[in-house]
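Chain nomenclature is as follows: A, B, C and D, assigned in order of appearance, with residue numbering initiated at 1 for each chain independently.
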Amino acid sequence: MTATEYPDPDQAVAGIADGATVAIGGFGSAGQPVELIDALRRSGPRELTVVSNNAGNGDFGLAALLAAGRVRKVICSFPRQSDSYVFDELYRSGRIELEVVPQGNLAERLRAAGAGIGAFFCPTGVGTALAEGKEQRTIDGRDYLLEYPIRADVALIKAHRADRMGNLVYRKTARNFGPVMATAARITVAQVGQILEAGAIDPEAVVTPGIFVDRLVTV
Amino acid sequence: MTATEYPDPDQAVAGIADGATVAIGGFGSAGQPVELIDALRRSGPRELTVVSNNAGNGDFGLAALLAAGRVRKVICSFPRQSDSYVFDELYRSGRIELEVVPQGNLAERLRAAGAGIGAFFCPTGVGTALAEGKEQRTIDGRDYLLEYPIRADVALIKAHRADRMGNLVYRKTARNFGPVMATAARITVAQVGQILEAGAIDPEAVVTPGIFVDRLVTV
Amino acid sequence: MGLSKDELAAAVARDIPAGAYVNLGIGQPTTVADNLHPESGVVLHTENGMLGMGRAAVGEEIDPDLINAGKIAVTEPPGAAYFHHADSFAMMRGGHLDVCVLGAFQVSARGDLANWHTGEPGAIPAVGGAMDLAIGAKQVFVMMSLFTRDGRPKLVPECGYPLTGRRCVNRVYTECAVFEIEADGVRVRETYGISLTELRDRLEVDLS
Amino acid sequence: MGLSKDELAAAVARDIPAGAYVNLGIGQPTTVADNLHPESGVVLHTENGMLGMGRAAVGEEIDPDLINAGKIAVTEPPGAAYFHHADSFAMMRGGHLDVCVLGAFQVSARGDLANWHTGEPGAIPAVGGAMDLAIGAKQVFVMMSLFTRDGRPKLVPECGYPLTGRRCVNRVYTECAVFEIEADGVRVRETYGISLTELRDRLEVDLS
């Protein structure tokens, strides 16, 4: 169904249940939907599984959500950063679960969820510790591991602009995971700088077509 | 390696060997790289396998290549059209081989080739005649068939404009298979209306980044 | 008695929710578009790479680069978006379309669909996007005449023609009746100028 | 004796062919960029979604939406292109990059790479794009010191650290020598201020 505009982030994230899997866009701070994450933290669901490339920077946005004790598990490629002290402390004290996924698999598994792919054979990680427990197969002389989709209940993403059809464009490398996460979630919430009239975004330059966007909010 | 500009289509398609697999863009006539196909026909390789959505219209472009007896096999989703008489005649007289692939599988198998995916489980075609001989698996209660990549030696595609970095933009629904075929081929040849200076295409609106384009020619 | 083709298209259009993303198959399903009111906000998908597809183009609007899946020239209303074929079919196969409307040779009581191939020896097989459409949308509506020209039913216990997809049809619109394909059987939702008894007589399918 | 870090970066840069598409890993490999001449036409890929990445941004050029994989602000030269993460890693994993330059804890004589995890009990695992980079590029160059601070070799018969990728390294650049990892063993291409005999003494790997 076409996207609905919400007056503020709190209303845009309403209804996310305890235990939900939430995909959160961003690569470090670039593209991180901080206002939506803050609203999610205020709205109070617990025991969340967060799918995101990193596990929070400093004490804002995703890090603040972790600090508030709302997250049971993080699925990410790179939790450890110079300023990931909130996650580090939770992890070392055994208060958060971590699933480390190679960055390309994270992106491709989200894409697979959005594209109806049941599983795919991928060359990344063969012969490494991350191959443990995975089905391996040799195809045309090359070894692959079988990887499964990552589906999310909700995706929180940040885009540059939307039009009223929900079509999105992003800004530079802040695009990163937003477009794939939008396809992988049952409900995609996008915070944008501006919502324009239909027709104001060049149809050739749309990155996320409106079909993948359920809720829009200007921040 | 960055794209090379060629003075004419004949030089742009030089060196395609007998027996090559050639992916040819287009959906019907939209996006069909007619000038490149004509040059390929003039250059003379035989026993080609052509991967394309259709099997030619009228007696130009792809249909003319078939009529010239250069194609051993067509891999496509929809050979039969109101004006596909060249293919129809070759097929009925047993002079061309046909592999029918559902359109979504054609696109996704080309994408898989470009993305390094060894194979993928896909829901299309389960329980149909096109499932014969394919590995089937139930994942999370849904049935899937295992599909393999389609790799091409050469892709011939048509885009609207290029810049000197090889970045491409397309025009409306003529985009169709061009972007995925460009990723699936060892050598991608793009015919474009215009080659612009680097920087003349908005980096946010590039559809095919130059890394997927080897040869460029203005027609 | 029975619905005309136009009335049938209108009946399908009435059941498409406001704001839905919809793919209309080639042929008769295309006529549903003419019965959708712009204020319903229904967004049309065409698998050759466009969302927000407009009506058939006329005169100077015709642009060979802007066509639908049936290769008919169409228009680009404000708010459209273009994408490549893999993205377009990912959209479809990933279950993002709300409704897909397809024609059919036959539909079985279990919702199996046969609409791509007559299976005749001389026929050139051509599947196009039919199998992807059949399994992709949240709801698959079939639009067809209930009987062949020589009077044989097309809603059948088992499809005789080669299948396009298994258990994928949710609803069948015909000139005589609308059928819901449910887990426990076929339910007649509406009839047009024919009684349920008469339908039961003419079909070999259990109807409730 | 031996190459300085700057000289090592310059040595790697000299071996990158004109017009190549290249990904430079986080840390030391990044310094290769400063040694690439613009006229070589080398195009840099950053896995967070950009081709044609420019140099580090300074002053008012700094834009938090325009960063590299190390989360350092960079610039956008003419001819750049942005794409999303799945497309970016498809590009890498599909074998489209000509060269990838990575740092390493260890490289084995067979070309196994260990650069993502020390395996220490307290360490928080974080793989990022390392495993994708290791298997994706047509050629993988490693840039590292040949010995640890306490003098143990990092080019080894078998990696002791957890692997990033198997048999994926083609060439190893160190301050002492450049090594080619070939199907039949390790070949020393160049030495810097050290003799082949001395290298053989200090490494447990057969060298030719």
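We take it that a contact is a pair of C-beta atoms (placed from the backbone, for glycine too) under 8 Å apart; a residue touches a chain by one contact, two chains touch by 3 or more.
Chain by chain, the UniProt names read as follows: A, B = 3-oxoacid CoA-transferase subunit A; C, D = 3-oxoacid CoA-transferase subunit B.
Note that the structure is predicted; figures quoted are calculated from it, not measured.
Undergrad: Going by C-alpha centroids, which chain is farthest from chain D? Tell me that one.
TA: C
Undergrad: Using mean CA coordinates as chain centres, what's the gap between chain A and chain B in Å?
TA: Going by mean C-alpha positions, chain A sits 32 Å from chain B.
Undergrad: Find the geometric centre of each of chain A and chain C from their Cα atoms only, then give the gap between the two centres in Å, rounded to an integer.
TA: The mean C-alpha positions of chain A and chain C differ by 34 Å.
Undergrad: Just give me the whole-number Å value for how far the CA centre of chain C lies from that of chain D.
TA: Chain centres of chain C and chain D, defined by C-alpha means, are spaced 53 Å apart.
Undergrad: Would you please write down the residue numbers of chain B that are in contact with two or more other chains?
TA: Within chain B, residues 108, 111, 115-117, 122-123, 170-172, 203-204, 207 contact more than one other chain.
Undergrad: Which chain C residues reach two or more other chains?
TA: 50, 76, 82-83, 89-90, 93, 135-136, in rising order.
Undergrad: Who touches whom among the chains?
TA: Here the touching chain pairs work out to A-B, A-C, A-D, B-C, B-D.
Undergrad: Spell out the residues on chain D that touch chain A in their complex, using ranges where they run on.
TA: Answer in residue numbers: 46-50, 63-68, 71, 76, 82-86, 88-90, 92-93, 112, 117, 122, 124-132, 135-136, 162-166.
Undergrad: Can you check the complex and tell me which residues of chain C touch chain A?
TA: That would be residues 17, 19-21, 41, 43, 45, 50-52, 76-83, 89-91, 93-98, 135-136 of chain C.
Undergrad: What residues of chain B sit close enough to touch chain D in their complex?
TA: 1-2, 111, 113-117, 163-165, 167, 183, 197-199, 203-204, 206, 209-212
Undergrad: Give the list of chain A residues in touch with chain B in this complex.
TA: Residues of chain A touching chain B: 108, 112, 115-123, 137, 139-140, 142, 144, 148, 169-172, 202-205, 207.
Undergrad: Help me check something: in the complex, which residues belonging to chain B touch chain C?
TA: Those residues of chain B that touch chain C are 27-31, 53, 77-81, 87-88, 91-92, 98, 100-108, 110-111, 122-130, 170-180, 207.
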